[in-house]
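Before I ask anything, let me first share the structure, which is written out below as structure tokens.
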Amino acid sequence: MDLTSLLPELLKGFSNFTPGNGVMILAALALIYLAVFKEIEPVLLLPIGFGCMLANIPLAGMTAAEGMTKVIYDAGIKTELFPLLIFIGVGAMIDFSPLLAQPKMVLLGAAGQFGIFGTLILAIALGFPLNQAASIGVIGAIDGPTSIFVATKLAPELLAPIAVAAYSYMSLIPIIQPPLMRALTTKKERLIKMEYAPKPISKRTLIFFPVAITLVVGLLVPEATPLISMLMLGNLLKVSGVVDRLSNAAQNEIINIATLFLGLAIGSTMSAVSFLNLDTGKIMALGLFAFGLDTVAGLLFGKLMSALSGGKINPLIGAAGISAFPMAGRLAAKMANDEDPDNFILMHAMGANTAGQLGSVIAGGILLSVVSKMMGM
Amino acid sequence: MDLTSLLPELLKGFSNFTPGNGVMILAALALIYLAVFKEIEPVLLLPIGFGCMLANIPLAGMTAAEGMTKVIYDAGIKTELFPLLIFIGVGAMIDFSPLLAQPKMVLLGAAGQFGIFGTLILAIALGFPLNQAASIGVIGAIDGPTSIFVATKLAPELLAPIAVAAYSYMSLIPIIQPPLMRALTTKKERLIKMEYAPKPISKRTLIFFPVAITLVVGLLVPEATPLISMLMLGNLLKVSGVVDRLSNAAQNEIINIATLFLGLAIGSTMSAVSFLNLDTGKIMALGLFAFGLDTVAGLLFGKLMSALSGGKINPLIGAAGISAFPMAGRLAAKMANDEDPDNFILMHAMGANTAGQLGSVIAGGILLSVVSKMMGM
Amino acid sequence: MDLTSLLPELLKGFSNFTPGNGVMILAALALIYLAVFKEIEPVLLLPIGFGCMLANIPLAGMTAAEGMTKVIYDAGIKTELFPLLIFIGVGAMIDFSPLLAQPKMVLLGAAGQFGIFGTLILAIALGFPLNQAASIGVIGAIDGPTSIFVATKLAPELLAPIAVAAYSYMSLIPIIQPPLMRALTTKKERLIKMEYAPKPISKRTLIFFPVAITLVVGLLVPEATPLISMLMLGNLLKVSGVVDRLSNAAQNEIINIATLFLGLAIGSTMSAVSFLNLDTGKIMALGLFAFGLDTVAGLLFGKLMSALSGGKINPLIGAAGISAFPMAGRLAAKMANDEDPDNFILMHAMGANTAGQLGSVIAGGILLSVVSKMMGM
Amino acid sequence: MTTNLILSLQITALGMGLVFGAILLLWLMMVILTAVTAEKESASDSLEVDSVDPSLTLTPSALTPSPSPRGRGEELERVALLAVAMALAEQGGSSARPLEEPPTALVSAWQLGMRTRQMSEKGTMKRR
Amino acid sequence: MTTNLILSLQITALGMGLVFGAILLLWLMMVILTAVTAEKESASDSLEVDSVDPSLTLTPSALTPSPSPRGRGEELERVALLAVAMALAEQGGSSARPLEEPPTALVSAWQLGMRTRQMSEKGTMKRR
Amino acid sequence: MTTNLILSLQITALGMGLVFGAILLLWLMMVILTAVTAEKESASDSLEVDSVDPSLTLTPSALTPSPSPRGRGEELERVALLAVAMALAEQGGSSARPLEEPPTALVSAWQLGMRTRQMSEKGTMKRR
């Protein structure tokens, strides 16, 4: 045995370390820092950051053909299983009764999707091909699983920056939205109080609702079926009250395991070679733009509804239509309450917020459908 | 871009919707209704119904080559993993001490399998080929995982109607059995009280039992090994008392996740094309026949044992030998108790019931063995 | 139909039963007995024993191409997923603060790995080829997942005896170590009391530690990255305090399911054909040798540190450097306490013990790296 | 590039149109659904909803101050109580809530049955 | 068709014969097993069984009224008590039962050990 | 065989050398890490560690008897108390410990938020 031949072998970790690896490891540490010390979506950004770190340790083999994160990626991301499993759990955590009590709120969930298309236009203008532009636009769905699902279908090569953008900005909602809210609404508008006198929602209605939504959306937008159906399956498991075993499994082990593995697998795609380029920067900027545009469109539509209703609707709830469930809903309610401690619009904001969740999935499916068709995919 | 070319694309959900899809969606809604409002085996019928609904939304792609339910089907049904994982959990929930305290009760578990073979004969007479007839017969095992396991091996194309029949009728036991019980037994027989003076069962016996059963059944009927061994593994995890971690995992996350996915995957095979035919109707009828025949055979054998014992055995416990654990056992005990409030035969009925569980698995394995051999599979 | 042709079919279970199957089933029963009645690592030895039993029931088909344990083996052992998933859970259960409070203890974690290499030498001398000898040596890591991970890479054909040896002897630590401790240390040495005056460890330190370890070990020994990173990921999930959902999933469902399936899959490789040979006996003997040699090396290094420190270090803590977390640490503390009821060295022993855990993973990675390179793998 | 931009504008027009169209249909569906299911409900049924999910958000019927003549202060009091209840519910987690057993005819005789307990474990289920 | 019917009758005869044969062997096995393991048991050992699984069904030794001279009423009383206990056990779920620590020689010194706690968590385990 | 033995000796020398080398680097890293992070810590921060994991092992700052002039007996008393605490912690399992909420600036306004509760469930989380 020639021991000297082993020496380069022993230092291979360092000799294969590129400056790009260094930059990406710093990025990974930043993600972990934000997750742990700033609590920015820790359940996702911590695994993503850790996965990114592993992907940039040279020769570690985690992302190689038979490496662990590759196995997980193939099992759960490529098959699109993880975002769908997460949606089962999310569905079991959503309460649609505020929306059912005031069905017209559902309109706000449509307006809050404009950011998707506005960002798509901008991304096209910046030179992205259609499939990538659409994937970037869907950051404006402001809903992690929807963004991941659509990006996996249309442009898997952009999955990592899209997921990072979607989840990072998600937690920055309390920083992104308030300035826009104040800029676009008058104090008078923010002071509008809203009556809350809905008819009671029966358990029967709550049970029929997820089934009806699955059928209607499934027939209207077949491409949205996987997402909407798993969200509604989770909701049905919960509201039915007869399968608590399954509902609890969806809200706990299924979503926890899927989330951990999803994060690790997405992070592991962040190798220096594939992540460190101008596109990533553009995507992060476009993502922020999408969040802002969604909020603006939601607020403007809120103002329109307010005007049409003769000032009975507080336009702030328009900002809750972007999805980002449930933070955007609470933020809108908090803004109104900050202006006037006697003003409570939480129920209306939550109605708009769950509508935004539905609207995001529908818009994602429509985008997928239109773009797939156009590209002959 | 020619937008008019997109219009048919937009209505594709409706234009591809067939009357068959409509019928199957109604069937799906009926299953969900029974599961939720009538609580008929909700943990299985709700996911099956939901999966059926998804399979009949045109172009949703859930059942396509890379669709979610197809991925789950391939991972857990084709590999037969799900019914076996469910059996680990079921095994951890069964208590064999009533059976061990009165070993002769085990005979009732053999008689209660006659429905399997009687139904097979009838299915052959109705024109089903041997492999399908055997799969239909195994509905008479009156045990979900056994039915699914055998059908997957012999006739996977009939999996959905067989699973639906097995689980639907399972919950109808309290409606199916009592008339037969009253018709086939005299009041005098139903009034028979049974002494319960077993020798105490040691923990050591309870631990050796699952191991011994696995070995004996495994050597006698190798084809039954997967089912019986997983049932007994679950039981051993519980009675050993040293691996509560694993026992709890088997009874909770493993069985819950497997059940949810099993239901979804089975439901997703219920597309109109494959489900809507005369065979399905025949199978539902044959399944009901199997349940009845099992009960009749069990009761008649109970009467025989009663006569041979000089009237010391209440023939009602024969009806508990069909499996349908633990409902059939409780039902027999309730019937006796309804006749005479002082008559308690629960322990005997539960012994016969667990014997029925064992007999079902053994009969399933024997059927698999004989039919596989005959068909040269 | 010729029924007589079915008769051999019916007895096939017995006619295919070999004496080797009998021996292996006895071995399986012995493993189950030790697990259940002696509580020797029951969570692993019970599933291993049960899997072994199944592998030796002729024609049961569990280990065949589409058999259940084969499916599980391919999904979790071949991909090396199970030991890594177990490490996520183990990492979430380890507390590194005693080690961080006294960093020099980490040296004991290096000395306790000598058994790996000493056993490798002996295995070579006994005629094992290099890849097998290295796999056998890594029993001396005294850490189940590390042994399984390395053996899967280098010599999967020896996985079963290596896993059985690793876990069996693990529980025999309280029998293996004390005689060596008494033989190699003087009473005066065992009476040495150790000051425990560490600086407090901040939460920030505990959070940075797993990240730093992953990076340092990953760059130094890329082959150790999968093991060390998953151990550290689990630890980070716990100490970060912001992802209790994921931390709990790692410590419960993930580790429980992986452990059950790992045991079953490993046990299922113990067919008579592949297990019953002289090599298995040699491996069991070599494994015991590895445990002893590790302990001796650890103790001698402890004596060296004791002498160099002027008698301020109790050499017993050297025996805790072998890994076998946390039993070896407690045993060393107990020995000192038995000699003098006033002597408490638990914190030092646990520091050495966690160092042993790190050292084991590092040594496993180094061995993998060197041997892979030499064999041109 | 220009053709692409025009394309993207078309996609936007089409996409937003379809989103609004789908949402309008959902609105219609919800109105019909609530109308249809409401008329089949008794008062007691609708009360059940209150406890369906206290931990996720306020339930409608709990708030119903509506066009009542009661003072604003009273309403606020109730809202404050609700906020406290919400916070508590969030602390407690969803498993702690008292899920009432839905009354069903067929299975009620079998509520004690093990299968029911084992396979659906509703109501007093403690585990997770 | 007729040959198929004859075939199916043969399968039935063979199948039911085999089922009864296998079950008879199981009967034999159970008799032997209970005989063999019983003689190795002390009285205290067998008592343990009582708590092995109170939630699933009545345990034999708990019922042992048997050829006792006690009145039928007393026996029934006990049965009634058991019914209540069963119902309670079913409510409580299996995780609530007090699983006693099986006494073992070898590991007893290590009962406090973390590995034992972490890897097998018996006895007072609370989780789920 | 002899060449193989020589090879194995070489592997041993190389392997143990590398193990010690790596461990020495880890030692260095740990010294640097504790030094760097310690200087950024306030006293109150370091106290938090005490409760990070009471169930797994003794925490350092809880023992700090150190070069104190206190009597040996007092120290032993504390150690005994710790042993009891440890045993209790081991019985209770890790889920019982009171994990204090780490104070953070950004999210604190959203601590009540459902997403936080649902997706990270820290602190008083009861489940498992």
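Points to keep in mind about this one:
The chains carry the letters A, B, C, D, E and F, assigned in the order they are written, with residues numbered from 1 in each.
Operating definition for what follows: a contact is a pair of C-beta atoms (placed from the backbone, for glycine too) under 8 Å apart; a residue touches a chain by one contact, two chains touch by 3 or more.
Please read all numbers here as calculations on a predicted model, not as lab measurements.
Between chain B and chain F, the least number of touch steps comes to 2. Centroid distances from chain B, each centroid being the mean of CA atoms, peak for F. Using CA-based centroids throughout, the chain positioned farthest away from chain A is E. The distance from the centre of chain A to the centre of chain F, with each centre set as the mean of the Cα atoms, comes to 34 Å. Measuring from the averaged C-alpha position of chain A to that of chain C gives a distance of 41 Å. Between chain A and chain D, the centres computed from C-alpha atoms are 22 Å apart. Among the residues of chain D, those in touch with two or more other chains are 7, 14, 18, 56-57, 95, 102, 112, 114, 119-121, 125, 127-128.
Looking at chain A, residues 1, 6, 10, 39, 42-43, 93, 220-221, 242-243, 245, 248, 251-253, 259, 326, 370, 374 sit in touch with two or more other chains. For chain B in complex with chain E, the touching residues are 93-95, 97-101, 103-104, 106-107, 109-110, 113-114, 116-118, 120-121, 124-125, 127, 130, 133-134, 195-206, 208-209, 212-213, 216-217, 220-221, 238-239, 241-245, 248, 251-252, 326, 342, 344, 346-347, 350, 355, 358-359, 362-363, 366-367, 370-371, 374. Touching chain C in their complex are the following residues of chain A: 1, 6, 9-10, 12-14, 17, 25, 29, 32, 35-36, 39, 42-43, 46-47, 50, 53-54, 57-62, 66-68, 71-72, 252-253, 256-257, 259-260, 264. Residue ranges on chain A touching chain B, taken from their complex, read 79-81, 84, 207, 211, 214-215, 218-223, 225-226, 229-230, 233, 236-237, 240, 242-243, 245-246, 248-250, 253-254, 369-370, 373-374. Within the complex, the chain D residues that touch chain A are 1, 4-5, 7-9, 11-12, 14-16, 18-20, 22-27, 29-31, 33-34, 37-38, 40-41, 45-49, 52-53, 56-61, 63-67, 72, 76, 79, 94-95, 99, 102, 119-122, 125, 127-128.
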